[in-house]
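Chains here go by letter, A, B, C, D and E, matching the order in which they are written, and residues are numbered from 1 within each.
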Amino acid sequence: MTVGLEHYLTVSALLFGLGLYAVLTRRNAVALLMGVELILNAANLNFVAFARFVDGGVEGHIVAAFVIVLAAAEAAVALAIVLAMFRNFGTVNVDTVNRLKR
Amino acid sequence: MADHLLSWMTFAPVIGAAVIAGLPGRYKDLTKWIAAAATAVPLLLAVQLFLQFDRTTAGMQFTEHYTWIKSFNIEYFLGVDGLSVPMVLLTALLSFLCIIASWRIDKAVKGYFSLFLLLEAGMMGVFCALDFFLFYVFWEVMLLPMYFLIGIWGGPRKEYAAIKFFLYTLAGSVLMLLAMIAFYYNVKDPVTGGHTFNMLHMMDQANHGGILDLANVRFAIWMGLFIGFAIKVPVFPFHTWLPDAHVEAPTAVSVILAGVLLKMGTYGLLRISYPMLPDQAVGFMVPMAILGAINILYGAFCAMAQTDMKKLVAYSSVSHMGYVLLGMSAMNEVGINGAVLQMFNHGTITAMMFLCVGVIYDRAHHRDINGFGGLGLQLPVYTSVFSFALFAAVGLPGLSGFVSEAMVFIGAFPTHRTITIVSALGIVVGAAYVLWMLQRVFLGEKNAKYDSLPEISARELFTLVPIGIIVLVLGVYPMPVLDLMKVSLNHLIKVVAG
Amino acid sequence: MLQIPDWSDLGGFLPETVMFGAFLLALLGDLVVRRRPVVPFAIVLAGALAALALSFAGLDAPERTILGGLVAVDGMAAFFRILFSLIAVATLLISWASEEIMGRTRENKGEYYALIALMTGGMMVMAEARDLLMLYLSLELVSLSSYVMAGYMRNSLRATEASLKYVIFGAVSSGVMLYGLSLLYGLTGSLTYLGVRDALAAGAGDPLSLLTVCVLLLAGLGYKIAMVPFHFWAPDVYEGAPTPVSAFFSVGPKAAGFALMIRFFYTTMQPAVDRVDWRLLIAVLSVATMTFGNLVAVRQVNVKRLLAYSSIAHAGYLLMGFLMLTAEGLQAILFYLLVYALMNLGAFLFVIALNNSLKSEHLDDYAGLGFRSPWAAAMMIVFLFSLTGLPPTAGFIGKFYLFAAVMHEGWYWLAIVGVLNSVVSLFYYMKIARTMYFTKAPADAPAVPIAPLHYVTMVLLAAPTLLLGLYWGGLKDLADRAVQHFTAL
Amino acid sequence: MSGDLVFYGFALLTVLSGFFVVASRNVVHAAFSLLFTLFGVAGLYAQLGADFLAVTQTVVYIGGILVLVIFAVMMTRIPRSDAPRRGLDRAVPAAILSLLAFALIYMVIVGTRWPERATGAPEATVAEIGTGLMTTFVFPFEYASLVLLAAMVGAAILIRERAPADVADDAAGDGEVRS
Amino acid sequence: MSEHAILLTALAILLLPLLSYAVLFFFGKKLPRQGDWLGTGLLGAAWLLAVRIFARFWAAGDPGLRVEGGVRWLDLGRFTADAGILVDGMTAIMLVVVTTVSLLVHLFSIGYMHGDRRYERFFAFLGFFTFSMLGIVLSNSLLFLYVFWELVGLASYLLIGFFFHKPSAAAANKKAFLTNRVGDFGFFLGILIFFTAYGTFNYFELFAAAHLDPLSGGLLTLAGVGLFMGCVGKSAQAPLHIWLPDAMEGPTPVSALIHAATMVAAGVYMVARLLPLFDPDALLVVAYVGAITAFLGATIAVVKTDIKKSLAYSTISQLGYMVMAMGVGVASAGMFHLWTHAFFKALLFLGSGSVIHAVHTQEMPLMGGLRRKMPITFWTFLIATLAISGVPFLSGFYSKDAILAGALAFGMTKTHYVPFLLALAAAGLTAFYMFRMVFLTFLGKPRDEERHHHAHESPWTMTVPLVALAVLAVVSSGWRGPTDGWFSRFVAPYDMARIVEEAPGAPHAAETHAVPAAAHDAHDEHALPQEPHGGPAHAEPATEGTTHEAPAHGEAAHGEAAHGDAHDAHVRHQAHITAMVLSILVAGLGILVSWLTYVRGRISAPAVLARLPRVHHVLQNMYFFDEFYAATVYRFTLWFSWLNGAFDRLVIDGIVNGMGYLTRVLSWFAGLADRYVVDGLVNGVGAAIQGAGEGFRRVQTGRVQSYLAYACFSVLLLVFVFRAL
């Protein structure tokens, strides 16, 4: 069986699932954000795969490039917030941050 | 003023409210005088309306017709016919008297009177509006002042009563909103062919189309409207907001609540439900009569069980509004004229009763029926006035309540024989609770606690006597009011019942 | 079909350009004149006003694609530009007198105003995106700025927590949405809305894949408009963030999210309706959203949090109009969004104004405000009534149009659920009114001075809320004009 | 089928290291695992003919994001913040949800007839991407710069050291109101 | 006196008391002597006018003559109702009764009520009552009959409760009003049935319509019984008589006027007036109710020691006679008894009032020997007693005798003897208890010296009415029966043929008919329209009433009636003589026993009573009517109203509040969802996997992730649900 679109998509789906799992379970905020990166990579892989097999152009690549840029920006802001959290709460455990509820 | 009479009646109180709102809070007396003036204007205009109203036509008069929102065919359309004129008169009169009755309010005077004036504007608007949208707006506009009037100036459980009133009424009116929209999309303006909110167009079955041709849709809309109005009337089992609201509201507000607001439910049925869905109205005749009978008897029995004077009067309203329903369900001239006359009469009589309860409450600071006794000797004038009101409520001949009740029965009997017979028991039970209360409060040995209660004041008498005169005059000769309404109502019933 | 951007395209892109320019200028101004936040404030305010003035030009324009075909400029875009400029102006005025933003110990005041300018521009772009890439980019720009603004009070535990939750929820949602976008790209082989639309019309995609795509996309979009079940962040963030920011969030990004959804779904997903009944899907979510929002709001005692839930409920109402796929529904949404912006900002402003002196958002501390601060309380009543949807306020008209659109399309059950929800909402809005008027203030209740600027702003919000309830023809025309050339219909 | 073998190699690398990212208790370990994942993805990009992206992935992600992550991990000084697990109460439902999500997507992947029109990998993408970024996608390109600027400003707002003058004022607690 | 003048005079008679009421009510306190002269004077004027009308009809001598006039009161287009005045012979009689007694009571009250703090109010109320009562008499339509019917009820309420500070009075007036309302309920239904069937309230239009087109059987009976219920209430017939004894709480002049002479007779008047509307079945009910009431009242009166209570039961008994007269087909005899009874019963009450005024008690055991102290009172009282006992040559004899004769004839023709027997027994008892009253009060030794010592004859304002009434008690009969004396010039059975002819269809012009004397055989009662109709005359099922279609049947009935005439006349004549003899005998027996018991002491009343403890117990407690009602009607009503109130509070309101509560609960759950379910869900899924009961114990909160999990779960749920759809 030749490696085709479905193979890439499956890998991406696995990455997505792993990312989701990380997001749902990791208590460490930084580790949690790594899960987000996994999801974004899964999406990116899709884009590139589709560009290769469906579109044939480079639009998918361009999108993926933008996503990488935005992921960087997002990571910057998110990590800044984690740092602020660490400074205010003395921890990066998201479980401990639950003052707002009801 | 003459050519915009209805607008002036509706918006004069608003102007008054605006002036009061702009007035510094320390001018309490001036505030009251302005309020009195702002309600006197509609009253005088109402007199003019009464004199100039053409009693020979069923059509709308004093109409004012302007485009309001062009893109949705919403119009500013006012007008009155024989159905609305008595209600307008009632509103103008009671509002004015209630301002006088509220003279001793000294908590947040400014707010009280400006809200009261807004309330009057809303009521006037409901009775004058001929555009459904406009009608709905006025209908809802009353809620706000009412809510605050009960909630701020009310009794101990005012918060509960106010929100209960508000929730109930809103629940009813949102159903009406949906019915209104359904009408809008399925009624054609015969001139332009577009959708319309014009009630007169909605009443013409020839303009109906779309889903309005489906019987089950019509029934659904009828039920929506009916529940909306029934809550206001209030029809059993939607009535439980009423005792709470009445009891907790300040006197003048109870008067307005019972005297005018309850009428809006039946007015809405006659103005909207009946002519717009005549087939459903005829089909709903028997349930309506049964509900009327339940209201009459249930209200009366509940009234008998009360120990709070105001609550008793409140339940008596439930009972008396049952007569209106019964008369409306008769689907004949006598019945419907009796029903509308009963609306008017109940407005005046119950107003007297609430004012009277207010008088004693101001003095004794409670309303427990069992806490009084023998007041007849201490307060002879007050006793006479209250007894007058109570006997009017009992339906004593010579007073207006009798005429309308008798007309209701005469009208309903051929249509709903058994139901009418059962309802007629109401005249016995009705007398029972009233007389029992009379006995406990005014007769018997004097309660020494109340040796120094002052007699009713001139100002209070001023609020009661005009209504009393109306009650008496209409009891002896009811035609002045019947003449106003009969042509329109006969036309209505011809349209509905053929 | 290569569309090469042209400088002249900027002519149709002026308000955004102005806002982004204001952002850069404000940053620059803040760097040059330290500790004088009035400079960035003035720059951004001027920018917002200029953008507002410039926005009216495009109302009647038919759709024109610019900047490489990635952005559409039409009447609806113009309407949202007007809306966002107005929101920006109001937010600026609200923030300027707010202790939470302008308190003595606060830092980065200049950057705060710059971020408002940036977000406003970003929201405008959201309303104009017509390409999956732009959809994602514009969303991300607004989201990133939002995270920062939520955490603006960086020493506040509440604010930090809010921004943390916001960023986690937001990042995951947008990631999931991106995944959905990638699948959509795969199904249709196109990134532009029109390309996707054509492919879908040609039969691309089977029910399951389209359903999955829809749901994944809704994760990202629904999070922006706080739709159940993607609403969870909203109450926490609204409560934790500085109140002016919450006020801004509750109207700005929400409206932008709707703008984005409207353009995306109306343009691209319409042909897919036969394979995936996303209208029903959204109807269910709409019911869930308004019901949940209203029911939970009933139990709140923190006014800010209460308003947060109420804004969730309002998203539910708006969704009703959204799924109608008619011009009427669209007009109703536009109308409602503007009215909602007025009244919700007003209600939040009241909380902010009180927070300055009261230092409390707890409902109990509002006791007797009707007499302690009668005019402000009266205006709050106007906002609350409008939020409930009672005449004669603009909120009623907005709801009326929504319900009318729903009824016209025959979704009667939805309309009934909607009106019943209005009744429920009355209960908690009146809870505020009740506390302010029916509950006696404690004897030692502090005075509640209200900043003059807040007073003025409140009047500026309350007056139209009331007047639009009496005569709304102009606004209705505006909404009608905005959608007249909306080609997706 | 050496290409296939390469794919499987990269895919395995990606997924396995991804699993370690998720499963590792040590955040630093997780971060390093993420490095391998990203590298694996870069390899897959290369397999797909996306040479430019492969390079970008390697440079930006691995060079940028990961450094940022590790930097943050170091700064927060808690390499083992995932305290001893107290059971499976969270992991199991999360695993089920993730599996379901995966299953759903997998169903979509195999159930859909993807419109595979393209015949082969593009030759060199760099030029095309460059042209695209300078023509059609010039606006997003500029827009992304705004996003980056916003991120920069935002990060600065959030973690910039306070001026000493402000610190004293802050002792009384900040912005906490009765809620 | 032209027809117009008669109507105007009648109107003046009606309005003069109203004027008295209005002036005294509003300005009485300011007038000299608190306006008693004004009220009395106006009543005097009314009396003069009434006498004038009386004279006019005396001169005409035609009981069928009637004058009607009215104005349109309600006009709704198709529905109209008129307010009108009807004057005919019966009216003239009633006018005289009402104004005479009222005038004398006014006069009497000047002395009796002297010094009361609400003196002027009393006269005002008397005026109001007189107005209302005259309204009943003068109305020409059922609607206005009902109107004034209710108004006399109000007047009665006000006057019974005149001493309202006494709790007993306050209870009594309520009881009176409510009991009457029960009757009015039926009355009103009867009116409704007739109006619905014939579309008019006017008596004579109704008579004509009902004659030409009778309602089908059941409905007509029902309507008749309904109307009669009004009479039962107002005229204190069993079982609604309970209010009348209590009504004695009112001042004694009030008892004389309202509760003896006039108002209570209104029921009798009403039945007499509306007789053509009653069918035989309804009349049978009337006869039995009347007879039972007559007997019941008399038996209770025997054991009562309170002089006014005893008189009240006597009144009930006498009213029973009158009602029975209506039922057995001698309506004019009933009216005649109403006429005579009005005077002697008013006299008895005023006399008792005079006594009470003197000794300040109503208990007969505390009186005795007042004959010397109060000679005028004694003699007048005695005359009245003789009259009521049916002693020949006094007015009561002639009227009562006519009724007994009618009852006997009824029994003979219809084989319903029970009414006659009960009435006869009542006659004997009447003589007994009336003389017992006289003996206990005026003869013998004073049993309370203190009271006796202070007793004195009343002032002239009180004695003049007594004397006047005594004269009337003697002469009012004219020493002839109702059908053969002067009374027949006024009251005679309706001439249906003439009524039909004068009905709206026929021209209304000729009011002053010269009726051929031959048309009216004085002895002939047969023209009472329904009486000749046989039992099965109205056997059709009750349908709409207007759909009566049996002309042949109707003719047959008429023929049968004509056939029966001669036989009936014979029976009547026989009955008359028998009844006269029997009534004299029982009256004499009653007087004798009374004399033996209370004067001679031959029979010991306590001993007799002791031997009949049960009977005594029952009588002393008035057959337990009050107790029965207290245990059933009152209790049920109160219980039911309590139940309704509770139902309203708990169930109806409860449902609504419950819904509110439900909303709150729901919101609480939603709040829970917000807070816990998210976690709980996650945990719950875990628990489901690991085994029940494990999950919730270890609640781990990781909020943001819980949110995410929930969102994720919802998304998947949505997808799978929609996939399934």
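Just so it is clear, a residue touches a chain if its C-beta (ideal position, glycine included) is under 8 Å from a C-beta of that chain, and two chains touch if they have at least 3 such contacts.
None of these values were measured; they are calculated from a predicted model.
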item	value
Other chains in touch with both chain C and chain D	A, E
Interface ranked first by C-beta contact pairs	A-D
Identity of the most central chain, Cα criterion	B
Whole-Å gap separating chain B and chain E, where each centre is the average of the chain's CA atoms	36
Approximate Å spacing (C-alpha centroids) for the pair chain A, chain C	26
Whole-Å gap separating chain D and chain E, where each centre is the average of the chain's CA atoms	99
Whole-Å separation of chain centres (CA-atom averages), chain A against chain E	95
Multi-chain contact sites of chain D, meaning residues that touch two or more partners	90, 94, 97, 101, 104-105, 114-115, 117, 137, 140, 144, 147, 150-151, 154, 158-159
In chain B, residues with contacts to at least two other chains	167
Per-residue multi-chain contacts in chain E, two or more chains	671, 674, 700, 702-705, 708-709, 712, 719
Chain pairs in mutual contact under the definition given at the outset	A-C, A-D, A-E, B-C, B-E, C-D, C-E, D-E
For the chain B and chain C complex, residues of the former touching the latter	68-72, 108, 111, 136-137, 140-141, 143-144, 147-148, 151-152, 158-159, 162-163, 166-167, 170-171, 174-175, 177-178, 181-182, 184-185
Touch list for chain E against partner chain A, complex	671, 674-675, 700-705, 708-709, 712
Chain B partner contacts - residues on chain E that touch it in the complex	73-79, 143, 146-151, 154, 157, 161, 164-167, 169-171, 173-174, 177-178, 181-182, 184-185, 188-189, 192-193, 195-196, 637-638, 640-646, 648, 652-653, 655-656, 660
Chain E - residues contacting chain D, complex	681-683, 685-686, 689-690, 695, 698, 700, 702, 705, 709, 712-713, 716, 719
For the chain C and chain B complex, residues of the former touching the latter	370-371, 374, 381, 385, 390-392, 396, 400, 403-404, 407-408, 412, 415-416, 419-420, 422-423, 426-427, 430, 433-434, 437-439, 471-473, 476-477, 480
